[in-house]
Amino acid sequence: MAGNTFGNIYRLTSFGESHGSAMGGIIDGMPAGIDIDLDEVQRVVDRRRPGQTEGASARQEMDRVEVLSGIFNGKTLGTPIGFVVRNEDCRSEDYDHLKDVFRPSHADYTWQMKYGVRDHRGGGRASARETLCRVVAGAFAMQALKTIGIEVIAAARQMEEQIKQAKAEGDTVGGCVSCSITGVPVGLGEPVFGKLNAQLAAAMMSIPAAKSFDMGAGRALTSMRGSESLDTMRMVDGEVRFERNFSGGIQGGISNGNEIYFEVGFKPIATLMRDIPSIDTQGREVTIHPRGRHDVSAVPRAVPVVQAMAAIVILDNYLLNKTTHL
Amino acid sequence: MAGNTFGNIYRLTSFGESHGSAMGGIIDGMPAGIDIDLDEVQRVVDRRRPGQTEGASARQEMDRVEVLSGIFNGKTLGTPIGFVVRNEDCRSEDYDHLKDVFRPSHADYTWQMKYGVRDHRGGGRASARETLCRVVAGAFAMQALKTIGIEVIAAARQMEEQIKQAKAEGDTVGGCVSCSITGVPVGLGEPVFGKLNAQLAAAMMSIPAAKSFDMGAGRALTSMRGSESLDTMRMVDGEVRFERNFSGGIQGGISNGNEIYFEVGFKPIATLMRDIPSIDTQGREVTIHPRGRHDVSAVPRAVPVVQAMAAIVILDNYLLNKTTHL
Amino acid sequence: MAGNTFGNIYRLTSFGESHGSAMGGIIDGMPAGIDIDLDEVQRVVDRRRPGQTEGASARQEMDRVEVLSGIFNGKTLGTPIGFVVRNEDCRSEDYDHLKDVFRPSHADYTWQMKYGVRDHRGGGRASARETLCRVVAGAFAMQALKTIGIEVIAAARQMEEQIKQAKAEGDTVGGCVSCSITGVPVGLGEPVFGKLNAQLAAAMMSIPAAKSFDMGAGRALTSMRGSESLDTMRMVDGEVRFERNFSGGIQGGISNGNEIYFEVGFKPIATLMRDIPSIDTQGREVTIHPRGRHDVSAVPRAVPVVQAMAAIVILDNYLLNKTTHL
Amino acid sequence: MAGNTFGNIYRLTSFGESHGSAMGGIIDGMPAGIDIDLDEVQRVVDRRRPGQTEGASARQEMDRVEVLSGIFNGKTLGTPIGFVVRNEDCRSEDYDHLKDVFRPSHADYTWQMKYGVRDHRGGGRASARETLCRVVAGAFAMQALKTIGIEVIAAARQMEEQIKQAKAEGDTVGGCVSCSITGVPVGLGEPVFGKLNAQLAAAMMSIPAAKSFDMGAGRALTSMRGSESLDTMRMVDGEVRFERNFSGGIQGGISNGNEIYFEVGFKPIATLMRDIPSIDTQGREVTIHPRGRHDVSAVPRAVPVVQAMAAIVILDNYLLNKTTHL
């Protein structure tokens, strides 16, 4: 259960359909007494907004985050932080033609079969618009992490040219997002099932369109010899230094103090600006003529989402690790 | 929390250090009234045992699974299944020389730093021996899944030659394990954070030495165009058919009725039969001369573990999905 | 963790300080396809509103529940139901004099010590106003339960005269709320720790001011002989009938098909309209002169809260019980 | 789910049928580096053993606790503590006559209806024998709590005379167990649903035969006036002192530093040494002639169980509270 809750101590529970009244969430477990800059939260969210980059959908949303609780006089209270973001620019009629069809490689068919009912407008709950709430929770987490010297950075490889070309052809592209986390102390992660890498993998693979996860050197390690792969340790000026970091900063499921890094692969957006053959809810074969506003690649907007989910995992495990000793 | 518990409804909690008295676990949430063949559970466990394949460690364990509860007259009671496997062939003295050193790319350093104390013998709790408990829980899950027509198969690419050669050189190799799950009904998985692929990723990345996870076509999808990647649907004899399955049987986080498949990448075993430079608990640089019994590759023994974890996830989500409707 | 989440499958997560912007919550795990009458949800919430009964605080809130997601065309989608209730009539200045004092038998002192910071206005998160969110989640649960023939009723003993008299004296009173649940099938509850009575006890004792819980005949059973106490069974017209129901409809932690009943005791409201000696945050002894709007008894407004929490527990366990069999 | 798991950070998962091979459990979340006296654990368990007091069943079990993991060189490793207690003196044939009948006020009927199958021998999993595992987990918790100055004491009112008399008449009696916890710091408990009193109530009402729970002055508070009930605070020698403690050491769900106390009421044992009318699995009316070994009152053996569950809740919340601040 808890399909809409993520985290152990620092927990995000989110709600919202793409074309319903609002998206929103509750952050529980935020430590008390942290100074919060709500303008900075808004700035982080703005970076995720559509219409910012080439190839992004033209939907214009202000995506103003309204924080309803948990902050008092600029500080966290230790109580849950409720927040809401209104869905303003919802041209639901753009989606009327999709009411009874199943778009291939979308959630339409599986959600209809699972729930027996669905909000077809803009993908409903299955829309990537839900990631907005992840970004909000990540923005709060990053402010807490900053006070203890932890920084999370995510980056996509340059792909503006590919996106431009695909767009011209009514096509879409996939791509990869890398993430780097610095300043993490030794000791985060909860073996054996709650390994830090396992939690990061779950976080990343829950992002819409994510299809692969590589921890540290990832798949490249599968074809190495052991003798090439060891992250050997030396003492430098009385401190432990790792001579390599193929592990990506995690060994035995626990952070080793090195930079944590990983890569997430995303499939191409499944909505093409072309005729697509499919079936409808009556089992008839149909041709879908896409309308509405759609990104050409999930990658640019996935960057802040990857960053946010990483920040949530790290803060959560930082708090959890405080229970290791009495 | 819950570092040693996995699953939502069908849950495994496990315990045990490699060279302690025993490994064991408790399976909670097993449905009532399922016929259980305990000999078959033992046979599944036997397949994981060391000393079975070229390149495996020579440790000789009988690994006899003693089931202590939850089964009565050959049927599950719906109560927790407790089980214990004794650690018999424990030459702890083989590990005395490792008491105060940190082997590179192992859990030695991180566990010592996290807990301030550790059982150094054979890796203690960080040893891959804990996967034995996963295999037991998976064996029970597979018996339940079989009654509803679901089958889980895992396979490693042929690598006996590589293993033999690496062994001769005192070196080790990594590799990949593929997994295929058939007979899964449409509808399993709990969006948005509990997507079936996210749960599978967490399960697989919690296995020792796992470094990459590819869902369906995985990373290959990141360089495809959308027009190449769609799993289009047709009607064949009144039934929905997918013309491709790049998604690996999951769309929008929910199973679509197709074969579910994914691949897990494992790094090379970190214990080489060579001198390895490292440091000790006093911060002195040392050279480690490995002794004891060690595999050349994690892959052969990871196969039943991947299979077991997949079975646990699928059964868990099958049960969870029963709560979608009143 | 999860201090602000209640339930296993049907889960309420809530947020909100009494004098912040809004109260609200997210209901996760609502089954899909249930017809929902939102006006009925509002009517249930209205029954909890202050200013309805003698002895209730004069705070005038419309408490309009705005449902933001999870319902489409009058039916539940199986996705989370987000809702918000604005805090409108907040005369925060009424509470300025309480900023630095600890009211006795309130949460002021304990929250300040735990969190190091608190919203002193109207009790902040510790205010009974949070129960509004429970009532909303209970109202949804009751609509689902109605479709399967389960009804939850809560009732307080007549105490208007006592309340009137206490109010005249600037004093307050406690009291009890009884709850009866009919139509519950045999089999709900999850031994050994998740017994239905244990879950009901947790639910009820989490309501502000609750101090005692009696399951079935409760404490009266402690002074009975076994021979007086048995709920013996007979067959009547081919059906199992219980000749007594001292157990309150639960045996061995599992519902037996009988009426489930229990009683919850509430202490008197701790805010008197009298001078009260106490201390302040600087450790000085002070006299508090209460102002603001306060109930004379928690009991009248606790009635719908008890009902709501019972409905949440029963629906949650109804869903959970579906996983007992494959 | 999680019917057989209790706790958030310090978690007990248990297994075992009364007349199966063994009872046992896994304690996860035990802090690392705690000195453990295993003989003391055994002594605590011995106090719970049958045959120790007048009115207790004559079943002779050694109940030797075998600890299988999690302790190394006398210290906790921070890894799960697995333990097993063999069921030695199982005269299962004593229960053959109960195979097909439902004893009134027992779990027989409800478990049969829920699971469709049950182990009828000695109550199976519904037997109070499962409390043995709670006592083991409580004994470990008490050793951890002792190091931080927290002590848990439980006591039953004198009732040996009543028990003796009831026994002579083939009857049984109920009774109450009081519990007192001293040395608890201010700040434990997680509002709003995880109030410390709510967690204690859940813990206590999950004990077999528990029917009432009174927090602090409990039900007596329901008939007090507010003016009589306040736990007023004063400063004494620069320290906060409570002039009364009707709240039982918890306000707003959080410990206030005072003694925590509560009372648990138990119904009479449902197995009388008399003919009892009931029904069987075929719906026929039958008369049960009890055999086997049975207590006259649950109270004497409930004392260490109440103590154990209280210790588990307090340690769990002590650890959880460490996450309140960064």
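Note that the chains are named A, B, C and D in the order they appear, and that numbering of residues resets to 1 at the start of each chain.
We adopt the following convention: a contact is a pair of C-beta atoms (placed from the backbone, for glycine too) under 8 Å apart; a residue touches a chain by one contact, two chains touch by 3 or more.
All values derive from a computational prediction rather than experimental measurement.
Shared contacts of subunit A and subunit D, meaning chains that touch the two of them, come down to B, C.
A centroid comparison over C-alpha atoms places D as the chain most distant from subunit A.
Interface comparison, B-C versus B-D: the pair with the greater number of contacting C-beta pairs is B-D. Chain centres here are Cα means. That of subunit A falls 25 Å from that of subunit B. Centroids built from CA atoms put subunit D at 35 Å from subunit B.
With centres taken as mean Cα positions, subunit C sits 43 Å from subunit B. Contact of a single residue of subunit A with at least two other chains is seen at positions 1-5, 8-9, 14, 29, 32-33, 78-79, 114-116, 125, 191, 320, 323-325. Contact residues on subunit A toward subunit D in their complex (touch as defined above): 1, 9, 29, 31-34, 78-79, 144, 147-148, 191, 318-320, 322-326.
Residues of subunit D touching subunit C in their complex: 1-6, 8-9, 14, 102, 104-111, 113-116, 125-126, 130, 166, 171-176, 186-187, 189-195, 197-206, 208, 210-219, 221-227, 229-235, 238, 240, 246-247, 250-257, 265-272, 274, 276-279, 283-285, 320-321, 323-325.
Partner subunit D is touched in their complex by these residues of subunit B: 1-5, 8-9, 11, 13-17, 20-26, 28-29, 32-33, 66-70, 72, 75-82, 84, 114-119, 124-125.
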